[in-house]
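Order as written gives the chain letters A, B, C and D; numbering starts at 1 within each chain.
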Amino acid sequence: MQSRSEQHHGERDTEQTLGASPAVKRRVVRMWTEAGIAAIKALPVILMVFSLAGILGWVERKGSALIQDRIGANRASIFGFAGAGLVNTLFADPLKFLTKEDIIPLRADRLLHTLAPCVSLFPVLVTFAVIPFGDVLQVGGRTINLQVAPLGIGVLYVLAMASLAVYGVVLGGWASNDRFSLMGSIRGSAQMVSYEIGMGLSLVSMVMTYGSLDLQEMVRAQGALIGGWIPAWGILYQPVAFLLFLCAGIAESKRVPFDLPEAESELVSGYFTEYSGIKHLMFFMTDFVEVTVVAALVTTIFFGGWQLPYLGRDGFHFPWGASLMLPQVIVAVLQVLTFMAKVFFFCCFQILIRWSLPRFRYDQVMRLGWKGLLPIALLNVLATAVIVLAFQG
Amino acid sequence: MIEQYLPVLVIFCFTGAIVAAMVSIGRLIGPSRPNPAKSEPFECGNLPSGSAWGRFSVKFYMTAILFIVFDVEVVFLYPWAVLFRRLGWFGFAEVMVFGAVLGLALLYVWRKGALEWD
Amino acid sequence: MGPILFCVFAVLLISSALGVIVNRSPVRSALSLVVTLFLLAVIFLFLDAQLVAALQVVVYAGAIMVLFLFVIMLLNVQEDRQIMTRLGMRAGAAIIGALFLLGAIRLLIHAPSAAGGGMTGATPAGFGSTERLAEVLFTRYLLPFEVTSVLLLVAIIGAVVLAKRSLE
Amino acid sequence: MTTVPIDWYLILGAVLFTIGVLGVLVRRNIIIIFMSIEIMLNAVNLVFVALARQLHSMDGQVVVFFVMTVAAAEAAVGLAIIIAAFRNRQTLNADELSLLRW
């Protein structure tokens, strides 16, 4: 990384001595190529996240039906294809939401009322920019990193976007001029900021483990093998941090058992009570996209990301000596599929938690955040530091 | 260095466009037939009395203050976490002193009951 | 391309900063300030300060402004009816603003020429990286770092005492 | 890409600082005044970071760290004072609050 930036500065100096025009042209072309590549990577990622959110809506309905011994969604069909209700959540629901009236209550702040769902959905979607979904791919002499934005400060970018997610909740409640909404948004924002600390501290201990803020580097480090057999995934080094992160992540996504901000039995629908049509769907989607973000982060940081055990850049190398060479495209596809499978597993895991546990009381949520997560996370950071430094000698 | 952030700019524009499109398509396609009863804020059928923007418990404010202080602590821990192997035991001692003082702060608010919700 | 992008962000930054002081609704002012702080983080990226940029968003936009919004909601702050009451006040503000701006620009422009060197000079490798910042922070700025924790302790005690009293 | 002259950053800093000063002078709502002070702090931060880049020294960036911390502490205590003052006087107008002399 450092050598690359030096090289770049060198280029810049020669450009100045040359007086620019062809060099500047070359640089502009290169910049647009980079932007084009980024767009090509960003498009499928965003589309995948959107459809995964839809699929999760279906998994949630069918899953809850399974747990509660019902049939669940089974109505809408397109040309006779019902897909056991998958058509409902993927196509019929969004279309229905789009054609519904967008009601803005009296004396509400109209601009902020419209802005709130956008502000709520935006930061969670852009978090996917730094999540690596594969290793590198060589295309025509160019090395393409399978990650939309390879940032050196990836973890802090995630944290920054998570801290901006509070504004959707705050605005949604404030702009509606409704008591339930405002109560929900105050509860929601207090809860989100409380668990942000626990999340930040559990990430600190992971940064210490890997010695880097770069998510791609974290995943690469997890490709090593302990004793030649066991993949060196983060969970083996930091089980406590994993539990803390998962707990904080679920609390951040404001779902049961942490769904105080939208508790149906008390607050109608919480901070988005006064939303209808597509804006309501956007708040709803935010929840599912947040589930996906948490699943993707858990996968990346604790479960090896796109690493399939024993799969290297040129194929499988099994610990018993056998190996299987594969072309790099196949390897890349395997990595992306592995990543997606892991993410889907953790999404389903969160849905299982959501339908198994009852809602906490607000005092319990706050007590868990401040008197549970925070001290444990601090102790975990301390323990990590002592162990690593002691072994280092 | 700013070149590194070009993809971030791309995905920001992209996501912004999608989000804006969703809201505006909903506006265009959806009907708009407001009437007084529909525009009332929802209060389970009762007519709302007074403004919804009432005052709130100072507890929420306490939570936000605690959040700021510990957020700053977390933020100071990140540079240390990246470099703590090189900084060694001396860096560890520095951060321990820092953490101990903030631990005192946590102990203080704990004892004062600012973390209690009833 | 660099200068164009810079100008776009600078114009956005100035207009959102103006939004803070001309909005009558305090909530909108606060949101305008959030946008300002976020855009300033973008400007920091132009200056090879990515760690500072990230912290700007986490601490300023994500934490301090949440506290501001909480207080505005907590106190149910109403919109100001009028920003400036008298015409003379507006004229006075404009004159003071112009004078201040000129003075500040004059002062600042003369500072870097004394320091010498242009912005185009290559930065040392790893400039602005987390490692370099940590090195400086935990060696040369050791004492300020420790004092910071005491400052935060005092802040928390002060806030708890003040808020408790107003609770009773 | 970083071919933007340093003067531009410094002018931007000056403009921001002036906006902050104007906010303090013009607005009477004490919370808005507080926010204007934050704008001024940030203008100074911008100048720090720009000069750090100019002088190839990390000190400017470290100082910004401390400015942020101080701003956090200031916001916590300042807003607590505002809440206490509001409970006593039921107003946020700086002219009326000046009678308190705290």
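Simple rule for what comes next: contacts are C-beta pairs under 8 Å (C-beta built on N, C-alpha and C of every residue); 3 or more make two chains touch, one makes a residue touch a chain.
The structure presented is a predicted model; accordingly, all values stated were derived computationally and were not measured.
When every chain is represented by the mean of its C-alpha atoms, the one lying closest to the mean of all protein C-alpha atoms is B.
Of the two chain pairs shown, C-D and A-C, the one joined by more C-beta contacts is C-D. Distance from the subunit C centre to the subunit D centre is 6 Å, each centre being the mean of its Cα atoms. One finds 28 Å separating the Cα centroids of subunit A and subunit C.
Per-chain CA centroids place subunit A at a distance of 33 Å from subunit D. Mean C-alpha position of subunit A lies 16 Å from that of subunit B. Contact of a single residue of subunit C with at least two other chains is seen at positions 1-2, 46, 48, 50-51, 55, 58-59, 62-64, 66-67, 70-71, 73-75, 120, 123, 128, 130, 133, 135, 137, 148, 152, 155-156, 159, 163, 166.
Shown for subunit B are the residues in touch with two or more other chains, namely 1-3, 5, 51, 53-54, 56, 58, 60-61, 64-69, 71-72, 75-76, 78, 82, 99.
Among the residues of subunit D, those touching two or more other chains are numbered 1-2, 65, 68-69, 72-73, 75-76, 79-80, 83. Touching subunit B in their complex are the following residues of subunit D: 1-2, 65, 68-69, 72-73, 75-76, 79-80, 83.
If you check the complex, the residues on subunit C that touch subunit D are 1-3, 6, 10, 13-14, 17-18, 20-21, 26, 29-30, 33, 36-37, 40, 43-44, 46-49, 51-52, 55-56, 59-60, 63-64, 67-68, 71-72, 74-75, 77, 80, 83-84, 89, 93, 96-97, 100-101, 104-105, 108-109, 111-112, 115, 117-121, 123-124, 127-128, 132-133, 135-137, 140-141, 144, 148, 151-152, 154-156, 158-159, 162-163, 165-166. Taken together, the subunit C residues at the contact with subunit B in this complex read 2, 5, 45-46, 48, 50-51, 55, 58-59, 62-64, 66-67, 70-71, 73-76, 128, 130-131, 133-135, 137-138, 142, 145-146, 148-150, 152-153, 155-157, 159-160, 163-164, 166-167. Those residues of subunit A that touch subunit C in the complex are listed here as 2-3, 5-6, 9-10, 12-13, 16, 27-28, 31, 109, 112, 151-153, 156-157, 159-160, 162-164, 166-167, 170-171, 174, 182, 186, 189, 193, 196, 213.
Every residue of subunit B that touches subunit D in the complex is listed here, in rising order: 1-3, 58, 61, 65, 68-69, 71-72, 76.
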